[in-house]
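Next, two complexes with chain A in common: one pairs it with chain B, the other with chain C.
Up next is the complex of A and B:
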């Protein structure tokens, strides 16, 4: 396709500006990348009104299906639609293969680290990661020490956040999520809705399917059963008021397992049971979407009403399997993150395929001094949070925020890391105010399943998009939306 | 099946049915009353609140019962736990907590109905509003029957529907009969009033086919209490309830596995072999009051047997 002069751009793209960022769709203004050409051609036939109409069909479909998340600003908890942008993000096969290899390598290394850190702690003895950093982690669980988990799997499910740096065009790892990563249900639902709203465009491509994720996860969960055979697997949810409740119920349904709350389970003599209409029934495997803190009031927070008293004892006795394992937070702590490339070299003897974003660990005095001098230029994050909570983006923060951050950072450096602002790549997203596409920053969260031998990555993952012009924050709790992500069978 | 899920199934059905019955009562009476004298307003509107069992709450919120206040109270009010909107909200909330156990069609249907009804305000045309709720409830039952496996979970829905409908029919007959027959200040021969009772439960055509003649209060009561096959009669619904309870426990004919089944069986025997003369001999109001108490007790026993039983240790 030859470049078109600006005046001939289709209406939906008129005035589209790549803004000097890496644009996932256009290699230069008006020139789509090879794998986007078919979609671009399809959209050229479409006016803003028609696209708008298809968008509304998609939104309505999310509302009717109740695919919402809960926000708590009004104290009562209201349901909101997770904003969805209809134009898909497309990844050619070769690029994806590389990502997949990198993720696989990383997940295996993270699992080996967890096995080690709750076992013989060889990596600490070899001084590859500071002992103090590990033991000061709020999510390190002494209760896990010396515990053999089924199949030696700690990280059954991981969501690894990737970003593409506009300067190099390369994917990098922004953070690891190996506790209870959420969002995979949106991957599956986004695909269904996109196919319904843009059927012709979808048919132009050969896209790798994503819908076997639940059955794959179900197989892994059943394989963990301490009794073997016909395992009773349940998904433990904090309940309807949890922001990811839709996903919990979606996955339970797709896997054909029982969705339970803490109050549905009891333990007796180290065995976990669920309360059914015909009495108690033994549970073998728990896919928990409840945080460690709330899992068992006898072992962790005593005020938790979401958990099951005695669950940790049953787990320690090997009478029930829990996925993901308890204590994984020590591996996705944002300060420990800085050492993951080292884990890969140490455990696997390989060079990391996916790089980390340069990270200053404020626990190291030199790093801390540097960060304090450059607060205005960096992204500063608390180490133990997820969902973008507590993050400060220096260039867009006001003076008061920076000063308050400075105080907090000085008083507890272990709790903070800082990274340079990454110029995230952009993808066109529909702006209903102008009726046109505009470039918006995106990240990518692929979902990785580990069965003890092999890592399987659902092709693509969740592309999260910062729908505010100029914003770099993609988290749903902070006003981000999502897109369907297509991994092509071939290159275009 | 998890106790919590059975509990939710049971209550989805009860709340949906309660919303439907309330919509029926509102719809029929609203239009009949509009062309009548304002003097009789109070007498006509207050019983509708009584059927919902919400007199105290109503008088706390409004000075007078009239078309506007009763519609608002029964259809829309947030602080009336039995208003149509609140019933649908609670039905949907229950469905949401067990959406992985119901069919996608059921969820989309109940969720769509909820959003539609939530968008209505006090200026909504009453008939349109009531129709949406009525047919929404019918559609939900149809969707359920056609898409959900008829296993235990379906049986809990069935018992919820049957118990709620039996109880609501008892209330409607009780309140209307009391109003129309036992009150000297109301025209006891009011043909239209009895038509309204029949229409509000959707049994008018059935009555006409059965009796052809004018509408007799006693015959109306008989149809709604003792008829074996009409889907709104108390006997029909107690039979359904028994069928559901037996399917859940696996109990055979002539036996009972729990207190809920015993009470249901006992009541059903009296409905099967009783006559209207027995009912009037005891006094219709007393009879229906007892019956409502039994329904209440059955509901509690179902809960005690299947949902909230104690776990030792």
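Up next is the complex of A and C:
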């Protein structure tokens, strides 16, 4: 196809501009990529009013179902709808297969790293990653050293954030999340809502299903049971004030397991019990969505009201399985991230399929000097946070922010990394102010389940979209939204 | 060589009923090339089964819980331990300049023993001590370690109640006073700031009068409460040196080692959490007697009757005196 003059563009796409970025939908204005052609045709028949109507149907169904999340450090009430953009992000099969291979390789390497770093520490002895970097990680748990976890699985559930670089069109890993990654409930709900709001478009495609994620996770959790047989599995939540409480209750319900808070559990001499109206019931597996710090006040923060005293004792004795394992934060520390390609080479003897974004580790003096000289051009992140908290995007930061960052970086370089600004790819998103689509930056967080042998990735994942024009920040806690992600059975 | 039978009794009296009490103790003497733990028994009142594991510093940790309501908790650890004679002091062969060449390597190898911790930050206020210890070191690495220990011993006053169990070294630096826990933390900071890997050692100092029970010697020992703390420092090329900045005297067969760690936080002899609003009173007693000595003498000596802790203390952790 050749580019069409703008006057011929369908109403929803009039004035659409790829802005020099890699556009997931369009090769050039008016020329959709092969896998987007059917959707484009569907949307061409649709006027802004009709699309707006379908959008409202979608929003309403989220509202009715109470699918919300909470933004911390924001005075405006606790719960909020997670903004949803109806136009799906579509990935052709061959591209997805490559992503899936890359994720599988990465998750296995991360798991091997955790096994090693809490075991014989061969990688430290071989000097592939500095001991000082690992031991200075705030999330490195010395309590895990020498502790063998069921099935040698540390990373049961991973959410690996990918971005497509506009310069190369390639997917790269932006960060790993192997502690308590959230968002998978939106993947499942987004799909249901999209099917309801865009039924004809969905029928035009053969889309790989995502709905067996909960049953697959449930199978893995049950397989961890130290007693075998009818395992009692629970989901441990910090409670209703947690940003992802909706997801906790959703997943517990989908898997048919109990949703519990710390106060619902008690340990006795290394056995975990759930308090029920019929008395104490032994618990075999805990899918925890409570951070390490708060998990066990005897082992970690003594002021934690969210945890279960003695839980680490039970875990150490092998009387209960915990997913994800304790101490995973050392693997998704953003400074340790810089070494993940090395982990893949070291443990697997393979070249990384998915590349890292170039990363300056401020703990290295030379990197730190470079970063301090180029703050204005880089994205600077604290190493131990998730959800975009504490991140500074140099080009859009004001002078005061940069100066305060400079001071914080100088006083604690280990806590910071910096990356060049990646020109994230864009997907059209509906702008209700104009009644038209406009290009918005996206990332992709696929969810990976590891059963000790095989990594299974839910096809697609959560496409997060920065709904503000020009914004590169896709985190839900920072005003981002999401899209359904379709992985096609074939190429288009 | 010295042999002791030690009984370490920790008692908690609560003002009201408490429940779901979870505790971990590091009360079993180390069993390694410097001392042998011949027997160990841990009992609790109310009675509770204990489970044990080794932590990353190879300390044996015992854990237990008491679920039902109680107003009193007693932990009694009884051990027989054999203290081997100390190895001769390392020769002063390594110069500080030679040491400096190894410093980066040591940091990589012993990161946990060189890095600052919550209890042992590396404050600028101690730079002067580092400099002074260098001056008195005759340019030698072991000399630096000894000089640092002497400095801490000379410049700080031993004073019970000057600090509390959660004090960082800042409190002592201000008042120039503290107990053995503070003395050990300050020495650790000076050593680590100069790049020396060093352990905090939790243990007992057996008073001389207990060692020479038959002579009924009344010699006063600083840190009269037998629960004690000191430091072990790694001097590359010379090995591990033990330094007691509180006593200001060499670490001897009167020192019984319980646990090693980065600071007090890693080795607290008794720590726990419980449910309930009641306040608590803590008392610690350590009884020691030499056993099986050549003349078959046996004599119990009570060396420590811990004074009530300051009322602000709710942690259930005894400070090391």
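Please note the rule applied: the second predicted complex is superposed on the first by the 483 of 492 C-alpha atoms of A that agree within 3 Å, B and C clash if a C-alpha of one lies under 4 Å from a C-alpha of the other, contacts with A are read in each partner's own complex, and residues count from 1 in each chain.
By definition in this document, a contact is a pair of C-beta atoms (placed from the backbone, for glycine too) under 8 Å apart; a residue touches a chain by one contact, two chains touch by 3 or more.
For clarity, every value in this text was computed on a predicted model and none was experimentally measured.
Participant: For A:268, select first, second, both or neither according to whether it touches chain B, chain C, the two together, or no partner.
Facilitator: In the superposition, A:268 touches chain B and chain C alike.
Participant: Kindly classify A:188 by the partners it touches after superposition: chain B alone (first), chain C alone (second), both, or neither?
Facilitator: Neither partner.
Participant: Should A:240 be classified as contacting the first partner (chain B), the second (chain C), both, or neither?
Facilitator: first
Participant: When the two structures are overlaid on chain A, which partner does A:252 contact: first (chain B), second (chain C), both, or neither?
Facilitator: In the superposition, A:252 contacts chain B only.
Participant: Pick one for A:316: touches chain B only (first), chain C only (second), both, or neither.
Facilitator: A:316: touches chain C, not chain B.
Participant: If you stack the two complexes on chain A, which partner ends up touching A:66: first (chain B), second (chain C), both, or neither?
Facilitator: first
Participant: Is A:173 contacted by the first partner chain B, the second partner chain C, both or neither?
Facilitator: Neither chain B nor chain C is touched by A:173.
Participant: Using the superposition on A, tell me which residues of chain A are in contact with chain B and, in the other complex, with chain C.
Facilitator: After superposing on chain A, chain A residues 266, 268 contact both chain B and chain C.
Participant: Within their complex, state which residues of chain C touch chain A.
Facilitator: Residue list for chain C touching chain A: 20, 22-24, 48-49, 51, 53-56, 63-65, 67, 107-109, 111-112, 115, 272-273, 315.
Participant: Could you please specify the touching residues of chain A with respect to chain C in the complex?
Facilitator: Contacts found on chain A: 130-132, 135-136, 142-143, 145-146, 266-270, 297-298, 302, 309-310, 313, 316-317.
Participant: Which of the residues in chain A end up touching chain B in this complex?
Facilitator: Touching chain B from chain A are residues 63-66, 239-240, 245, 249-250, 252-253, 258-261, 263-264, 266, 268, 274-278, 280.
Participant: Tell me, which parts of chain B touch chain A in their complex?
Facilitator: Contact set of chain B toward chain A: 1-4, 6, 93, 96-101, 104, 107-108, 111-112, 115, 152, 248, 306-307, 309, 311, 313.
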